[in-house]
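Have a look at the structure that comes next, please.
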Amino acid sequence: MAYIPDTPEDRAHMLAALGIDAVDALFEDLPPSVRLNRLLDVPPALSESELSRHLRQLAAQNRDLGQLTSFLGGGFYDRYVPAAVGALAQRGEFLTAYTPYQPEVSQGTLAAIFEFQSMIQTLTGTDASQASLYDGASAVGEACLMALANAPKRHRLLFGRTVLSQSRQVAETYSRARGAEITVIDGVDEIMGDDVAAVIWQYPDLLGQITALPAIIEKTHAIGAVAIVVADPVALALLTPPGEFGADIVVGEGQPLGNRLQLGGPTFGFMGVKSPWIRKMPGRIVGATVDHAGRRGFVLTLQAREQHIRREKATSNICSNHSLNALMATIYLSLLGPEGLKAVATVSAELAHYLADRLASAGLVRVPRQEPFLYEFTVRVPGSVADLNRHLLDRGILGGRDLGQEDPAWQGLWQLAVTEQRTKDDCDRLVEEVLAWQSR
Amino acid sequence: MAVPLIFERSHPGRRGVAVPTPTGIAGQLADWVPAEFRRQSDLGLPEVTEEDVVRHYTYLSHLNYGVDTGFYPLGSCTMKYNPKVNDWAAGLPGFADVHPDQPPSTIPGLLFLLAELERALAEVTGMDAVSLQPAAGAHGELTGILMIRAYLAAQGDQRTTVLVPDSAHGTNPATAAMAGYQVREIPSNRRGRVDLAALRQHMDGSVAALMLTNPNTLGLFEDEVLEIAETVHRAGGLLYYDGANANAILGRVRPGDMGFDVVHLNLHKTFATPHGGGGPGAGPVAVKKALEPFLPLPRLVGNAETGWQWDYDRPQSIGRVRSYYGNIGVLVRAYAYLRSQGAEGLKQVAETAVLHANYLLSQVGQDYHSPFPGPVKHEFVLSLTEQKRRGARALDVAKRLIDFGMYPPTVYFPLVVEEALMVEPTETESREMIDRFADALKQINREIDENPALLHEAPHDTIVSRLDEARAARHPLLGWPQLKAEEESRS
Amino acid sequence: MAYIPDTPEDRAHMLAALGIDAVDALFEDLPPSVRLNRLLDVPPALSESELSRHLRQLAAQNRDLGQLTSFLGGGFYDRYVPAAVGALAQRGEFLTAYTPYQPEVSQGTLAAIFEFQSMIQTLTGTDASQASLYDGASAVGEACLMALANAPKRHRLLFGRTVLSQSRQVAETYSRARGAEITVIDGVDEIMGDDVAAVIWQYPDLLGQITALPAIIEKTHAIGAVAIVVADPVALALLTPPGEFGADIVVGEGQPLGNRLQLGGPTFGFMGVKSPWIRKMPGRIVGATVDHAGRRGFVLTLQAREQHIRREKATSNICSNHSLNALMATIYLSLLGPEGLKAVATVSAELAHYLADRLASAGLVRVPRQEPFLYEFTVRVPGSVADLNRHLLDRGILGGRDLGQEDPAWQGLWQLAVTEQRTKDDCDRLVEEVLAWQSR
Amino acid sequence: MAVPLIFERSHPGRRGVAVPTPTGIAGQLADWVPAEFRRQSDLGLPEVTEEDVVRHYTYLSHLNYGVDTGFYPLGSCTMKYNPKVNDWAAGLPGFADVHPDQPPSTIPGLLFLLAELERALAEVTGMDAVSLQPAAGAHGELTGILMIRAYLAAQGDQRTTVLVPDSAHGTNPATAAMAGYQVREIPSNRRGRVDLAALRQHMDGSVAALMLTNPNTLGLFEDEVLEIAETVHRAGGLLYYDGANANAILGRVRPGDMGFDVVHLNLHKTFATPHGGGGPGAGPVAVKKALEPFLPLPRLVGNAETGWQWDYDRPQSIGRVRSYYGNIGVLVRAYAYLRSQGAEGLKQVAETAVLHANYLLSQVGQDYHSPFPGPVKHEFVLSLTEQKRRGARALDVAKRLIDFGMYPPTVYFPLVVEEALMVEPTETESREMIDRFADALKQINREIDENPALLHEAPHDTIVSRLDEARAARHPLLGWPQLKAEEESRS
């Protein structure tokens, strides 16, 4: 009965007011043949102290990133989350509110979403943003649906091979029913056809590359398609944002911005768009307005796009956003500010370049060799990447992703990400273990 | 006073949290990236101290209303109390600081928890298999309908249409459309339930599925559900259960036993996880055996003895619907809630939620019109047409409730009820709170005649009064650069 | 420069307003010969992520009570602290406030202290309480000073031998300068003399005993001395409160009420007194009153006792209280309510009785054998208690206190405490390991 | 609206957190305890749900003002910003869930931290040895003066008197009295410093110590401190440093170098730990070599290599001053703060605090009288006698500041200044905030003439206005049973 306030007297009072003897009377409309005449077969109730012990024990069975040294990336990074993020976002007034349907008592959530939209807009170099999506991959899916809806005669989506495969796979799941067809392309030359709705490119891409983007966008526009860019938000602190290269829609995974990893969720997806796309975005959008006294306030706006108004004609079926995760990102970006975010990206990048140099000396050469990169890069491993990762895990190191699992063309490629949480010592230790593994 | 923004606290040169300083160990940006790719433009972020940030968001939190603040009878949203121990659990490093690409062998405790939660949700729903992946109810719907589509396609059955009752949540038709279906609406009968005759008319070989919420959005149990199921199944269609209202039936009846083929649950409703200002939630899907091959990638397989694996080798799967395996932080909370309740507790939840709704309805039924006969389940809908004739719309009543320190019920939904006010007290609110709400509604009903301005100008004590929503939509100001420019041009 | 907002421009602006070139000008009144002309020799500044890693590493070196199974007691218990306690007490409005000097903007702290006082008063069976003291031992010290101040001609304090020695030692430190003299007594017969200011007894006492109290208090009053009782607040859920037996002052350690152990601090001390002592209590006291409009509110009151008013004539030098810890206790007691607190004590007691029975079967007999007890008790160990505890610690069990360390008369006595966090399995495992140790 | 109490939410039979249920495994209370000792009386605790508790204390928190809310220039209290990472650290199970009787071998990380903090505080103060035990500043004072007493006694020197300046904190004379000394006050001179001539008059062989705060409570540096030290020492007395105002001198000058023999620091002031509504703080004491044997029991000895021990074998020690070794949760925070600052940072703290105080004084000095010549250090005292002549007392000005969203400065302290208003902006407040405060003070000064009722009736927007403190003291209502009876008898 945890969390239920009713005493026997309360219950009796209410039953009496209803003129019934037992709650069973309120369930008599259930067809007798399907009523559950037994208790559910679920584990017995625990007191809070027992529950706490049980959960602490389950949690202790996992090796967290305080115990393992991680070089994993691929959209999800072991970045530091300042303590103030949790302290503020966990405040009950934020945590236990719902979608801000009544703006007069929801200005906290609304103002924070407005701030979030502002930050995503400027980070991505676009004209507008919305209140967040479930994650980066579903944001790619939503962006693809926008492009498909915009040009009903175009049904092909061209995905760069170096877009994270999850994003492509979600887009495939989302768009298959609409008759879309996905083609994987390797470069700008493959962008062609008047049936192409959108070209989707990642920046930096899966191998850490960045320089292909302008030409991709230019060609995409040349064939009348929509340029969708999947971006790493921390990298945008240092890189020319996709919007400035002309991207129409910029989406990405928000986890690196103040969100803990949580095995991949909940995090959030973000979306920035150029002006023509504003009224075609999925999800919640917050706008500024004024009240009768002229005081500035914020409201959910452009709701004519949404499912609760438009039903089957909505731009998406999405109802919730990941508001709390977006709030964490907003607090994170406020705490870091422009210089802090740049420093985080720069420290990550300098350690990554140091590591890449040392690995090259150890015979693990970057692929592609000369392409600029920031803090995520790919090397070729002389041998089994899976075997190397096992060797490392035994020594408390989470090695990089085995890109051979992403694409058979990438057998032997090892994707490493370095964050500001890594140290020179961490990098040195990784190299030492790689050498030890080579000489085993 | 205007609602402030963090940008207005910005002061060039201020710094918040101390981050590591570049050491120059391997060059600098100009050494790594060609000029064209080096960002020149402003990041648009505020420059503030941690103190600024803490004060700003503490202040913003004071402008918000949550379940932790008070009564939140938002119909269809099940704003029950969210236990604090669940938040604590979700923050444990062993759950929160694990990378999604870590080998399963490094996270047996978490995977055990997820498997146990899957098992329990299958039992609660009366289904055979569960995927915890969907991030929200609507996401669960999409996953579910895509599975139905794939299941039918696998049988060579290309149906074109999904049926939804006219009282359905907007996500139902939107989902069906997103999954490539045409949508046909089934009208409600005078009892507020699916019109069975109309359903039988619409039900033919083109219909892939009927999406049903039960109890429905009017708070009424679809007491002809077995006939409905039979009708749909006989025509080769499938039955989808929208679990938004599952709080009403926990331990009393199960969708699987009523004939549903696919179910989603909103853990942020029924399983007490906090709504977070609009999310994250979680919308696991549960299916009958026949649909299991179509569940999204990956599936969690294995057990505590032999170890756990992510299974991607599932050729009939609809594919991925998101990155990785779900909103873990929400799932941990839901598991904790499950373990705090047990079977008796879950049944008590439903019974109490239903008792509270009926009791509240009995207290306000004299003053407000309830368009359908009871008993209701966990919520009910009032129609304020009579109040409207007297000069106050449902929105006015809702706004006036804010002055009483309560969050307003859902208004103007479901669409089938005129001037709808949709009230869901939940099982965690006390009788006194319910009485206080009823008293407030009754007083407001009197105020319509005695002092209507009180309603029209409500709310009175909030940082802003009613906002100009038309202006917001007509001239969208969606970011600080635009708002700042606009405010500067005005002043 | 973490947490300092000044930019170079801010600094220049302020210096200009002051008409000076550098902050050095503001320090010219420091005698030149003692100015520190070097930097302090403290470790270099860390960024927050580095700091977080460093502290996590230090914390991980300690074996906490999630890892060890504790049977330690002695005023400090491994009791469960519900999650809501921390979630609420850590709210910034509580955490970062100061002593509520301005009641209009401090009603949160003031109302919570008033609630705390109410709960301590009823728990202890006294007439009034105050806003908390540093800890249980210093509360005993303050109570002794009250008694000494009340009867200037009486200078002896009689401490039961079974009062926790820390309490006696702090009282000694506190009262020595006032010429007080402490005598340890073993029973009611030793209570005598017109120079006795107070008799201090513990309830339940160090060996777990409870039944001596009424006679002790009666005899204390008979010789005109003050009866001070040191009580365990959780035990008071089940036991007749000392105030009902006539105790004048009831003090104790508050940790078991919703406070984490933290190696012993910060926790809080509590004090309940009979009416004549109200204006003689040390520390802050909150009272109810009304504002000009008749609205109920709370204020610091009876401040004429306090150091900031009375200076050297104050009842104590105490200035702060342990308000935040008292808030945690208040939230804890609210969450548990009367039935919850009774259940916590009862579950502890039944496990303790189970354990005592099993230990007796293993030859570790209770001392004293027949005296009633609740959840803390003492057994005689056939052999070295220290050796037994070492054996247990190697197996992850924190055995009980070695009372031979408290008092030479108690060689071989082992004090065990059982809380609601222990399970039957925990008790069984302890017994098994005791048997293993005996047969080693 | 009255300020509510949790008791008013009570409803018999309600339960908050679920606790384990007795199983009867070994009988029940009646089997264990004779009837006389079984409690019959009501526990007086509320019966409420977790939801009730969360809403009540969330609401109470909204009635509070902290540094997280806004500007808190409470003189002498150093209400600087309290970093959130420090709170996080203090909550780590390895620091928070350890029993004080655990063997030191099980907690090397925590003991290393404490030893490092001791070392750093010795360096910061210029002293030789530190005990972290005292729970608060006043507790540190008591510990320190008892050590001085023991030290002198060990030399057969039984002195009777402690000197304190008339501007001293009340804790100084109260401490001296508690330690068995007579107290003699030394007057301030016209410059607001200790009158050296008077000191020389009072200084004789009966004087055990002079307790000095430097900068003193007027915010002024005792620039004759070396002469003071020489005077005290020459007469065989010791010099006690009250560290309440150490924030002003960090890294600039050290008490040890100025001749002080014993020092306490308020970590909740200088080291940024939160004040918690009145505590807990921490008041470590630092001493010169000669006093080390007298430090309280136990001492932490050892090192990371050989392990740590609690040393109780210290025959000259003053004994115990508390349970165990200190307010660990506060000490962890202070250590974290220390490590976030480094030597440069600490110096910057002092310089900025002093710059801010002088700047603020320069902004308000036209309108408010500052009775002593500057520069000040980290705080300053204004004397509002002129305002009082015009009809507004310091308290009125203070209360009016609440209407501007600011916490009022300390009033009527130090006692040597008439109508004192004691302002300490701290280093963590921005220039704009300081300007805003100055503007508020200036506006209030105008309001005294233009609209004095605004001041007299202030504050205007709080849950209660000025409370009847005389009534509270005359007729003390200190608990709910009494308050309830009184309110029932009134109604």
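Labels for the chains are A, B, C and D, by order of writing; each one numbers its residues from 1.
Quick note on the criterion: contacts are C-beta pairs under 8 Å (C-beta built on N, C-alpha and C of every residue); 3 or more make two chains touch, one makes a residue touch a chain.
Keep in mind that what you see is a predicted model, and the values were worked out from it rather than measured.
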Contact-richer chain pair [B-C vs C-D]: C-D
Chain B and chain C: spacing of chain centres that average the CA atoms, whole Å: 45
Chain B and chain D, separation of their C-alpha mean positions in angstrom: 47
Centroid spacing, where centroids are CA-atom means, of chain C and chain D in whole angstrom: 19
Chain D residues counted as touching two or more neighbouring chains: 11, 14-15, 17-21, 49-52, 54, 58, 62, 67-69, 81, 83-85, 87-88, 340, 428-430
Numbers and ranges of chain A residues touching at least 2 other chains: 1-5, 10, 45-46, 48-49, 52, 56, 60, 66, 80, 82-84, 86-87, 90-93, 420
Pairwise touch network: line, ring, star, complete, or other: complete
Parts of chain B lying in touch with chain C, wherever the complex brings them together: 11-15, 17-21, 49-52, 54, 58, 83-88
Touch list for chain A against partner chain C, complex: 48-49, 52-53, 56, 60, 66, 80, 82-83, 87, 90-92, 420-421
Contacting residues of chain A [partner chain D, same complex]: 1-5, 7-10, 45-50, 82-84, 86-87, 92-93
Partner chain B, residues of chain D touching it in the complex: 11, 14, 18, 49-52, 54-55, 58-59, 62, 67-70, 81, 83-84, 340, 428-430, 432
